[in-house]
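Notes follow once the structure below has been shown.
Note that the chains are named A, B and C in the order they appear, and that numbering of residues resets to 1 at the start of each chain.
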Amino acid sequence: MPNLKVVTTSHEPERNPESRLEELRILEAMLFASAEPLDEKLLAAQVPEGIDVHAGLLELQQEYASRGVNLVRINGKWTFRTASDLAWLLSRETTEPRKLSRAAVETLAIIAYHQPVTRIEIENIRGVSTSKGSIDVLLETGWIRPRGRRKSPGRPITYGTTEAFLSHFGLDAIGDLPGLDELKGSGLLDGRLPPEFSVPMPSDDATLREDEDPLEPGDLDLALGPASERVSTE
Amino acid sequence: MISEAQSGDTALSAARATDEPAFVVDVEGFEGPLDLLLALARQQKVDLAKISILALADQYLAFIEEARRLRLELAADYLLMAAWLAYLKSRLLLPDLTSEEGQNAAALASALAMRLKQLEAIRTVADQLLGGAQLDRDVFRRGQPEPIAHITHPEWTATLYDLLTAYAQQRQRTALSHVHVAQRSVWSLAEARTALERLIGQSADWAQLDKYLLSFVADPSLTRTVFASSFASTLELVREGLMEVHQQAAFAPLYVRKNQQTSYPEGSQQQP
Amino acid sequence: MPNLKVVTTSHEPERNPESRLEELRILEAMLFASAEPLDEKLLAAQVPEGIDVHAGLLELQQEYASRGVNLVRINGKWTFRTASDLAWLLSRETTEPRKLSRAAVETLAIIAYHQPVTRIEIENIRGVSTSKGSIDVLLETGWIRPRGRRKSPGRPITYGTTEAFLSHFGLDAIGDLPGLDELKGSGLLDGRLPPEFSVPMPSDDATLREDEDPLEPGDLDLALGPASERVSTE
């Protein structure tokens, strides 16, 4: 039977290799134990002080890069996930994720790339009125959230994406969305177009834009479909 | 505009004119006029930037005309777009495109082309996004996460003030309740009997009745009633043969114990 | 940055090392993603044919043996588990300040002034029955202790205060608790008291009184009970 040995080849200034290995073990154990991404601050709280957690994580990431399980970063947090090239083997017929309608998929894409965006703006891009259903379905997935109200007549609600969105699509940041270069190169940023037609570099920064007002207490009731999530305003 | 819900209903399916294979009227599945326009534009098989809006308008109008010929009901959205395209077409056909009207028409045409291009672009990226690795579909997190238990140890707090007010208040409460509440100043025979039964219950040894009673009574004003009731109950219990009592001399302490019908303490004097 | 290299020392007949690594990746990913431990038969049914699942699992087990996560066999089935020496990572212990219930404070006050005192005696002084919960919570605080058994029918346990009590309440000695005059003077007791009303001079002398027997071996177990069962019910 073949034996696998872990051999370290270090070109770094001396560090106690044993304690370094122990740090990696601790990070590894915590990340394995949790199904949810963990941020570096939380990880740092568990390892002895003075440890460079970030460097350790990058090291682990490299070690696992070629394996069946990879260490990935989601919204700046770290988590282990199965390697994407093994999807063919692991895809589960039983747990088919919710199949989104074409309308919902397009709406999601518009929200992701154009956020913050109002329903009217989504409709303008799609050339069709967006039924409340699409937005509701997306709110239910937890991938989008109402984030404010546009400072314009009617004060429409603006939507943006959530951390769950990044987690589901395996993105470290909204700037990692696919196809950004194509979108930018396609002249869509042409200044002659109305503002809602532009495709800026997407940002899900929670800070309200200049043209956004904060949500009001009752807004979440309206925006969030399921009764269980509604907050009593009485 | 047409709503998504309605678009499914405008089912112009099966309206395939076999004699016109290049032209199929089938609105089902189109998400409104812009979507239809985009589909028609693709038939031109050129880059959207170079598309002929004029030709596109013709295609669209022909499509709508065919639908009307087949008496298919079209949503207002489609008709509105048809009217707008007819207008645009008439402007685009103006002999002098350098005139103000002609320039406006050109701007409108390029804005439409841009909208189509953008719709196509957003669809492309949507496909890329949805076609990428998705959690729980293509990649998976740990199937058996090991939860991190959060154990909280209560750290009890109370202040000396809490302690002293609690003490003073309850002492005051009981002291005053014995004084003010008439019922509390009498010890019922039943109460006395229960207490006595508790006293003799476990012990086979002689117990000193009055000492026990004194320690039992927190409120001195109750002493008399307690004595009276318990003495009466003692006699009752002795009469029932459940208890023995003895007293060495008049006014000497009373001793009680569970009836055992065995020896009595030295010098005791059994009372019936 | 140091690199970890996986080096094989094989005494087996040649096998394609790349395809072998792929086999390990597949097993690794399947075990990681599975919601329950997997047995070799099930694994064999799910991986591409021709993989020696048993050998692969043993190889993986060895690779992970020194890491923060180990591949273990439980009841014949395989699963990843946090290395046992890192189990401490999986619990986070915190202390949380909690206020004693009114009933517990009252019971404590009686014990402090009237010690050594039995539960029945506490009830008689308080004029209400004292739940076992109050005593249990007080035992948990470490401020009271069972000190003996009263030489009386039923031989009830007597309670007294501890050094921890003095230190928590900032008392130099139990005798520093204010007496009747001080309580009256500070307004805590008012004037409407019967003339016989008295406040004992408290003493926490550990020496057993004449009417106390020492505790028996089992008493401390009874009195303290397992921590998980100690719940304040008042």
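Here is the rule we use: a contact is a pair of C-beta atoms (placed from the backbone, for glycine too) under 8 Å apart; a residue touches a chain by one contact, two chains touch by 3 or more.
Computed from a predicted model, the values in this text were never measured in an experiment.
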item: Chain closest to the assembly centre - both centres taken as Cα means; value: B
item: Per Cα centroids, the chain farthest from chain C; value: A
item: Inter-chain centre distance, chain A versus chain B - centres from mean C-alpha coordinates, in Å; value: 25
item: Where chain B and chain C are represented by their mean Cα positions, the distance between them in whole Å; value: 29
item: Length of the line joining the C-alpha centres of chain A and chain C, rounded to whole Å; value: 38
item: Touching two or more other chains - residue numbers and ranges from chain A; value: 32-33, 80, 82-83, 90
item: Interface hub residues of chain B, defined as touching at least two other chains; value: 140-142, 146-148
item: Chain C - residues contacting chain A, complex; value: 1-12, 21, 24-30, 32-33, 46-48, 55, 58-59, 62-63, 66-69, 80, 82-83, 86, 89-90
item: Chain B to chain A touching residues, read off their complex; value: 1-5, 7, 31-35, 37, 49, 77, 111, 114-115, 117-119, 121-126, 128-130, 132-142, 145-148
item: Chain C to chain B touching residues, read off their complex; value: 29, 32-37, 79-82, 89-100, 102, 104-106, 108-110, 112-113, 124-127, 137, 140-141, 143, 153-154, 168-171, 177-178, 183, 186, 188-190, 192-194, 196-197, 199
item: Residues of chain B defined as touching chain C within the complex; value: 140-144, 146-160, 162-179, 198-203, 207, 216, 218-221
